[in-house]
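Here come two complexes built around chain A, the first alongside chain B, the second alongside chain C.
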Partner chain A sequence: MTNWEIIWEARGLFLQGFLNTLVIFALSTAAAFLIGCGVLYLLEGSRPRLRVPLRIYIDVMRMLPFLILAYLLYYGLPTFGIRLDAWWAGVGALAAYHGAYFAEILRGSRVSLPPGQVEAAYAHGFTTSRMFLRLILPQLVMQSRPLLGNQLVIALKDTAFLVIITVNELTWAANSVSATYFIPTEAFVVVIGCYWLVSIVMEVAIKQAGRFGTKRGFDNV
Partner chain B sequence: MDANAWSMLLEGAWTTLWISAVSIAIGVTAGLAIALIRLARLPVIEQLLVTYISLARATPLVTLTLFIFLTLPTFGINMDRSVAGIMALTLNTTAFNAEIWRAAFQNFSRDQREAALACGMTPTVCFRRIMLPQMVITSLPGLVNEMSFLIKGSPAIAVIGIVDLTRVTNRISAVTYEPLPPILAAAALYMAIIGCLVWTQRIAERKANRLAM
Partner chain C sequence: MSEQVAVSIRRLSKSFDGTEVLRDVDLEVNSGEVVTILGSSGSGKSTLLRCINWLEVPDRGSIHIGGIRIGIDEASGRSMSMRELAKVRARTGMVFQSLNLWPHLSVLHNVTESPIHVLGKSRREAEELAMELLEKVGMAHKKDSYPYTLSGGQKQRVAIARALAMQPQVMLFDEPTSALDPELVGEVLTVIKDLSAEGYTMVIVTHEMDFARAVSDQVVFLDKGIIIERAVPETFFTRPATERVQRFLERQN
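What follows is the complex of A and B.
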């Protein structure tokens, strides 16, 4: 049996890891996006007292490595009697970490949004929440889509860190196959190919979103 | 946490720092070299480099580190853990740095280049005396940003057993049974290191804007 046939025999393991990575990635980036939008909305203004803690949250996350946050949630929280299993600790850490980055990206493009629109919206009787949801958020997301896409690729790569806190994801699959059959080269080539595939798909999707944005006139601001 | 734990933490921080510093130093120069080679547009090499950059940007650091550490011995190349870690970090950061340098090349003003050539400088002299000093300044913010990304990604080398600043927290908590204090201390040390880099980046950006060409 050649090495590639062994890999094919172990396809179930790779598939399981790949699906697990995709589920973790989808769940955590969705949560991170919501956190990012939520933080941006709170920064929007109605509660000035929240501004400082939110800035601290964003800046702290930007200065920490992702793995330290995962360690904090996985090894640190049991001190307070909260025991998460590795999977949920990983998803939570990814969401909290990348939520701060999404918030920072959206905030960056919020600063450059012309203030006239907001004033016009208020003059038309929009409440802050409706204006945020209908006018500001769609524009910010479409404007900052290259950066958001970049952040998605970084989030995908950060899922691999979870192998260190014993989550059974794609890198774990490669590691266990190479440990069982002593064929590290083929196992890791397959896995790196999977990561590559996902990030290429995401790049294409971001480009398509750009086309959609041009059609809907998001570029003529 | 006692003095012993702190000295272990500082040792871990030192490991993280020197491995990252070596990878940054190699990565920045190799990135420049790759950007220069890509300018020449050599037929086969160009495609190879594009594939390398695309692959290296999509591969997670943990996967790359494990790949290098486990694969090279099967080809008969035995290496130290830290060399494998440095190789993984370098391969990753070089791809990003190459893109930063290439952007700096593409944005370099043609007028200056043409003026330099018209004054009789050879392309090499023009590159060394005119282009490189300005390109270093304009791409410094991007490069420093990439450096802080590298340090944020450096815990990946813990996966092959290098005792870096992240891994050392496990060692300490294995003795004290209190995982929280060492992790928080490590977080503070990381924040100090990356905070310094962010601060340099801010200064670099200000300098770059002042010298804006």
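What follows is the complex of A and C.
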């Protein structure tokens, strides 16, 4: 049996790992995006007491290597009596980590939004929450879409770290095949192909979004 | 208070960092009336206008829009919540010097956005009204364009339609032509003149003297935060009562 035949035999393992990676990625980045928007909204409103804790959250996440955060959630939290299973610890770590980055990206483009648009919204009877959802957020997302896309790619690659806390995702599948049959090259080539595929799909999706944005003049602002 | 009074301002004062910008300003705007606020830069005229819809919060005094107090809940005397404030603000329409269209929305959707999401109108109703208003300002042919494709004058005309779509009791214009190229000023002023002929209630801050003279029912002159002269335009521009206004008008020519 050649090495590639062994890989083919183990396709179920790879497929399961790949699906798991996709689910973890989709779930955690969706949660991260919501966290990012939520943090931005809280920074938007007149809630000075929340400002400091939110800044601390963002800064801590930016200072921490992702791997350490995953370790902390999985191995550290049980010390405080909170025991998450590896899968949820992984999703939680990804969401919390990239949520801070999403917040920071959106905040960056929020700062450059002309203040007059907000005044116009208030003058037309908008409340802060409705203005944020209808008028601010759509613009920020369209404006910062290349950065958001980039962050998605980074988040995808960070899912591979979860192998360390025993989540059986794609990298874990390759690891176990490679360890069992000692064919690391072939196993990891498959994995690279899978990550690449997802990245390409995302890149195309972001390009499409870009076309939509260009039509609306977001590259002329 | 009579139904005829659209805006009533009583003893309004406002300071920024200890500098008094408005002092005890009284002003009444009747329904259907056009009031122009003149004055040199820094005289407080924009601040006065922005107090009317509470974009600036005054230190003292009261403002009523169509008989309803803005900013302060009259019964309890406390500041209004965002939701309550938004409700009263919706009774005014404002046009800004810096245009401030929402760039991610088409011309039509800029105009329908507030009627649908603030006033709760149906999309169909809002679009019918929007098309009528865009027709009025001569921008109906651009309804599907996005703001970045428009000239400054076109943007400002859309902004006027957007404010009108709230069917406000008073329209507030904050130097609506100051940011425009000189050759685009005329088209915007023409639209505003048409509105005055249709009986819209308007408060206008402007530097365009000929326009002010043509369009106003009442001219108010602010100097250092105090209204030092108020008159019908004919009197104001030909026989100003104070030396300060005389000097101001001389410098304009």
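Everything below uses one rule, namely that the second predicted complex is superposed on the first by the 215 of 221 C-alpha atoms of A that agree within 3 Å, B and C clash if a C-alpha of one lies under 4 Å from a C-alpha of the other, contacts with A are read in each partner's own complex, and residues count from 1 in each chain.
In this section, a contact is a pair of C-beta atoms (placed from the backbone, for glycine too) under 8 Å apart; a residue touches a chain by one contact, two chains touch by 3 or more.
Owing to the predicted nature of the structure, the values given are computational and were not obtained by experimental measurement.
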Requested in this report: Pick one for A:Phe218: touches chain B only (first), chain C only (second), both, or neither.
Outcome: second
Go through the superposed model and pick first if A:Val52 touches only chain B, second if only chain C, both, or neither.
neither
Note to self: Just checking: does A:Gly125 make contact with chain B only, chain C only, both, or neither of them? Give me first, second, both or neither.
What the structure shows: second
Winner on chain A touched-residue count between chain B and chain C: chain B
| said: Per the contact definition in the header, classify A:Val111: touching chain B only (first), chain C only (second), both, or neither. | reply: neither
**Message:** In the overlaid three-chain picture, which partner chain does A:Met142 touch, first (chain B) or second (chain C), both, or neither?
**Reply:** second
Intersected contact list for chain A, partners chain B and chain C none
Given the complex, residues on chain A that touch chain B span 60, 62-68, 71-72, 75-76, 78-79, 153, 156-161, 163-164, 170-171, 174-175, 178, 182, 184-185, 188, 191-192, 195-196, 198-200
Listed in rising order, chain C residues that touch chain A in their complex are 53, 55, 82-83, 86-87, 89-90, 92-94, 96, 98-104, 113-114, 117-119, 146-149, 159, 162-163, 166, 172
Given the complex, residues on chain A that touch chain C span 114, 116-117, 119-128, 130, 134-135, 138-139, 142, 215-218, 220-221
Touching chain A in the complex, chain B uses residues 54-55, 57-64, 66-67, 70-71, 74, 151-156, 158-159, 166, 169-170, 173, 178-180, 183-184, 186-187, 190-191, 194-195, 198
